[in-house]
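Consider the two complexes below, in which subunit A is the common component and subunit B and subunit C are the respective partners.
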Partner chain A sequence: MRAVRLVGLGWVFQMKMLLRSTFDGFLGILWPLFFATTAFLMFRVNNDGRTLLYAALGASVMGIWSSTTVAASSALQRERWYGTLELVVGAPAHFSLFLIPITLAMSTVGIYSMAATLLWGRLLFGIGVHIVHPLLFALAVPATIVSIGLLGFLLSVTVVRYRTAWALGNALEYPVWLICGFLVPLSLFPGWVRPISWVLAPTWGVRAIRQAALGGSPLKDIGVCLALAVFYGLIGTLLVDTVLRSARSSATLSLT
Partner chain B sequence: MTSLRVFFIGGLTSYRALFNWLTPWILIPSFLIAPLFQILLFAYIGRTTRLESDQFYVIGNALQYAAIPCLFAMGNTISGERYQHTLPLVLATPAARLPLFVGRAVPVVVNGFLVAAFGLVVGGAILGVHVPLGAVAPLILVTAVTAFSCTGLGLVNAALALRVRENAVTSNVLFGLLLVFCGVNVPLSTLPSWMNTIAQGLPLTHGIEAGRRLAGGASLHDVLGLVGAELLIGCVYAVVGYTLLRVVETESRRRGSLEVA
Partner chain C sequence: MAAIEAEKLRRTYNQTTGFARRRTKTIEAVRGIDFAVSEGELFGLLGPNGAGKTTTIKMLVTLLIPTSGTARVLGFDVVKGAREVRKRIGYVFGGDRGAYDRLSGLDNLRYFSELYGVPPAVQKRRIPELLELVGLAGREKERVEGYSRGMKQRLHIARGLLHDPPVVVLDEPTIGLDPVGARELRHTIAELARSGKTVLLTTHYMYEADALCNRVAVIAHGEIVAEGTPSDLKSVVADRTVVEIEAFGLPHGALERVRSSPGVTSVSVEERDQAQLLLVQAPKGLELTQQLLSCLGDVRVGRVSAREPTLEDAYVTLVTGA
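== the complex of A and B ==
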């Protein structure tokens, strides 16, 4: 119960901080719109409403990943700059319970971008979003957000020794947009790319959202999405212990 | 002589000190990996929509990516100094402002050129894009001119950094606008006419068009008008940027807001 409270309160506080940040809040919404606009301009040439909706749904998830990847990569570095890293490491709660709400809040902020992208598509390009299974859509969106948030958690722990991890996070933005099928069908890629796509939750998240909106069966995709979220959470938690033990023993916790 | 020293030595020192992307841990992901994936992303979207050839996207996105160093590095000449608390010291010096600010732009032009050239060569190789051998030298010229014109816009961005605290946001917004408006991924002819009109006044538009024509077999003579337009636009932005820098600097001194933006 205390763990749930900690994650919940941490998420609320992080959301408040992120929404007051020009970089994470304003730019987080605006940045994916540039790419969505370009994609809409490219897709509308075919004059096919269904293809445009396919693009709009994919583009809307781009913002969730964008708001997570850069911020999550530098999440621990940011705590170092704030001077709070030692305090939270020294707290009796498990460190992952502190880090998970941060990355979950980052992916949750992406919902603003998602809404803005769909609204942008509707107002400027006339892309009507008729959702065939609203309830399943309402289930697919949070599942995608949670799974991307936990992927961000795993990323933040994995790159903790990389001092300029924000640059790595930046560089990971396009590859995930590309190989997770946001705007390009996976069938267009060479065979060796597909297994990489399958272990990335955004692939299943965007599929689930599309299936729910366009009239398919998204339950399997939502299930895979959540299973991957649990997997990322477990691996990340194990890695946190290893990383913290190493940082404590070598006294490098506060080194930037 | 002092002005020359400020221009060359000052510009290079400032670039090395402020633009910390020179570390390989930032340079490789930001300047080598990201542009390649931007090229691949739009080339694959292009394959999905069957809009244009891979060559169209390689040239458009490689040249457009020069905007990252050109916009961010020029913005950093102000916001980086402010972050390190050296901005008032720099602006308190009696050094002439022209070599001080313009000198900082020269390494940025080189950086932008190298990033775009890398995207063209490696992006082209990955996607199997072939460019006629005779087009290589003119393409180098077009790439350099495009990097110059982007740096002109970067000077405007530097002036904005004297007023805006989150300069990374303005740099990203400018980058996004260039992506949408300059015909990077969508032929200008298919854009709404008002977007096409705006594009004519932005850096990149004419450079990208010239690059595509060269790759399509045109000679340098055929694209001289486009190259000239790109150069002229770069000069106009550089003059506007420098003037804005002087105006905002004076205003910031008067209001005592150099460090607070």
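== the complex of A and C ==
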């Protein structure tokens, strides 16, 4: 019960911090719209409603990915910069109960990102959001968000150990857009890229969302997406204690 | 049982230099120190920058793993029993970092209460009490980014006491505070010790250690060079007198001439705006003033006085080995 309360309050405080920064808030609102506009302009030449919806859904997952995983890595570095990382590590609560609210807060921003992208497409580009399987779509979206959130959690764990690992989040932002098939089909890439795509939950998440929206069978994709989410969560939780011990041993919890 | 015990506590850091030819250098920050702090004692750890104070503290509060040796807090090993240590220790460091600037002081305290497992019913009573203790009552709903340095420091103290720890570690808590703020904080620290808490304090300010601490240890180059009550440490220089000479623009070589002057035990200089204050230690009863002034040559001299040695003089003697 205490753990649930800590995660809940942690989420509230993380959201407060995110929403109170004018700069972060401004970027958070505008950033997904830039992604969406770029995708819509690229795909508009086809003048095909289904293709545009395909692009809109891909762009919305791009927003979730960027706001969740990349922001989670930066958030941990910010903790180090504030000097609060040491204090949190020095607290008796398990460190994962501190990390999970950060990724949950970022995922919440991801939900906005998805809604804003689809609304932007509807209002400015006239893209009709007709969902073939609404129930499966309603299942695919949270599955994708949770899996991306837990991938962010796994990345955050490395940030605790390595002072410069926050750059990993930034470095992964654009390659993942490509290799997870957010904008273009995976079949366009060389065969060796595919195994990398398969271990990344967003690949299955965006496929599930598209299958649910455009008509298809998304259950297998949702299943793989959730299985990968559980895998990330387990690996992250198992790694936390080892990584923290290593950080305490190599003195990387503080800035200097 | 001692509240804090360190036995042969040692910590090294590896520093890598170079790009193509990377070289790793091992720096000995703490070189096998031993000390013990009794329950309810206010113990001071004094030393210059880079002496190993903060490294020692970070090992005690479980943020660093010792390279060798052991440390225990209330009987719990800081490595094997880290979680038990964390429940019983409060850690406060100086400076204006260590709080969430975008949250209010109250939200900061609520969040850390949760991290320290303070039950909600206890939080309701404890947080207002602590805000009152540190003088932040009425300002708790303001965002921390608008707090002055002193207010942030007082918030740190409140945060460190949220779980009512029996052991409190304060790492240079008055650094950067104005004199009034520092005095108020010293009063709070004294109150903590009076309430029965064990307090480990590191500081650069000798008058602070002299006024507050039951016992002090002086650490230099990672080793404890002296330990005892402030009076014990002062006895190191009890047979000396200190001559203070205010000079305006010391000429090159003057300091060396003073240092090599017969009878002079040690010399240090403090910069004071346009003046330099020479602190010359010499055996008690030896009249050196004229001799010292002649060493300074034509330099303009202000106030000249002789006084009894303080803890600071003893500290300078110990860390410089004079």
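Note that the second predicted complex is superposed on the first by the 241 of 256 C-alpha atoms of A that agree within 3 Å, B and C clash if a C-alpha of one lies under 4 Å from a C-alpha of the other, contacts with A are read in each partner's own complex, and residues count from 1 in each chain.
The rule we apply is simple: a residue touches a chain if its C-beta (ideal position, glycine included) is under 8 Å from a C-beta of that chain, and two chains touch if they have at least 3 such contacts.
Because the structure is a prediction, the values reported are computed rather than measured.
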{"item": "Which superposed partner A:183 touches (first subunit B, second subunit C, both, neither)", "value": "first"}
{"item": "Touching partner for A:157 - first (subunit B), second (subunit C), both, neither", "value": "neither"}
{"item": "Subunit B versus subunit C as contact partner of A:71, first or second or both or neither", "value": "neither"}
{"item": "Touching partner for A:174 - first (subunit B), second (subunit C), both, neither", "value": "first"}
{"item": "Touched partner set for A:253, first subunit B, second subunit C, both or neither", "value": "second"}
{"item": "Partner chain in contact with A:104 - subunit B first, subunit C second, else both or neither", "value": "neither"}
{"item": "Partner chain in contact with A:34 - subunit B first, subunit C second, else both or neither", "value": "first"}
{"item": "Touched partner set for A:17, first subunit B, second subunit C, both or neither", "value": "second"}
{"item": "Subunit A residues touching subunit C - in the complex, by the definition given at the top", "value": "2, 5-6, 9-10, 13, 16-17, 20-21, 81-84, 86-93, 98, 245, 248-251, 253-254"}
{"item": "Residue numbers on subunit A that touch subunit B, as the complex places them", "value": "22-23, 26-27, 30-31, 33-35, 37-39, 41-43, 45-46, 162-164, 167-168, 170-171, 173-175, 177-178, 183-185, 188-189"}
{"item": "Subunit C residues within the subunit A interface of the complex", "value": "13-14, 58, 61-65, 83, 86-87, 91, 93, 95, 97-103, 107, 110-112, 114-117, 120, 143, 159"}
{"item": "Complex contact set, residues of subunit B against subunit A", "value": "21, 23, 25-26, 29-30, 33-34, 37-38, 40-42, 44-51, 165-166, 168-169, 172-173, 175-177, 179-180, 184-186, 190-191"}
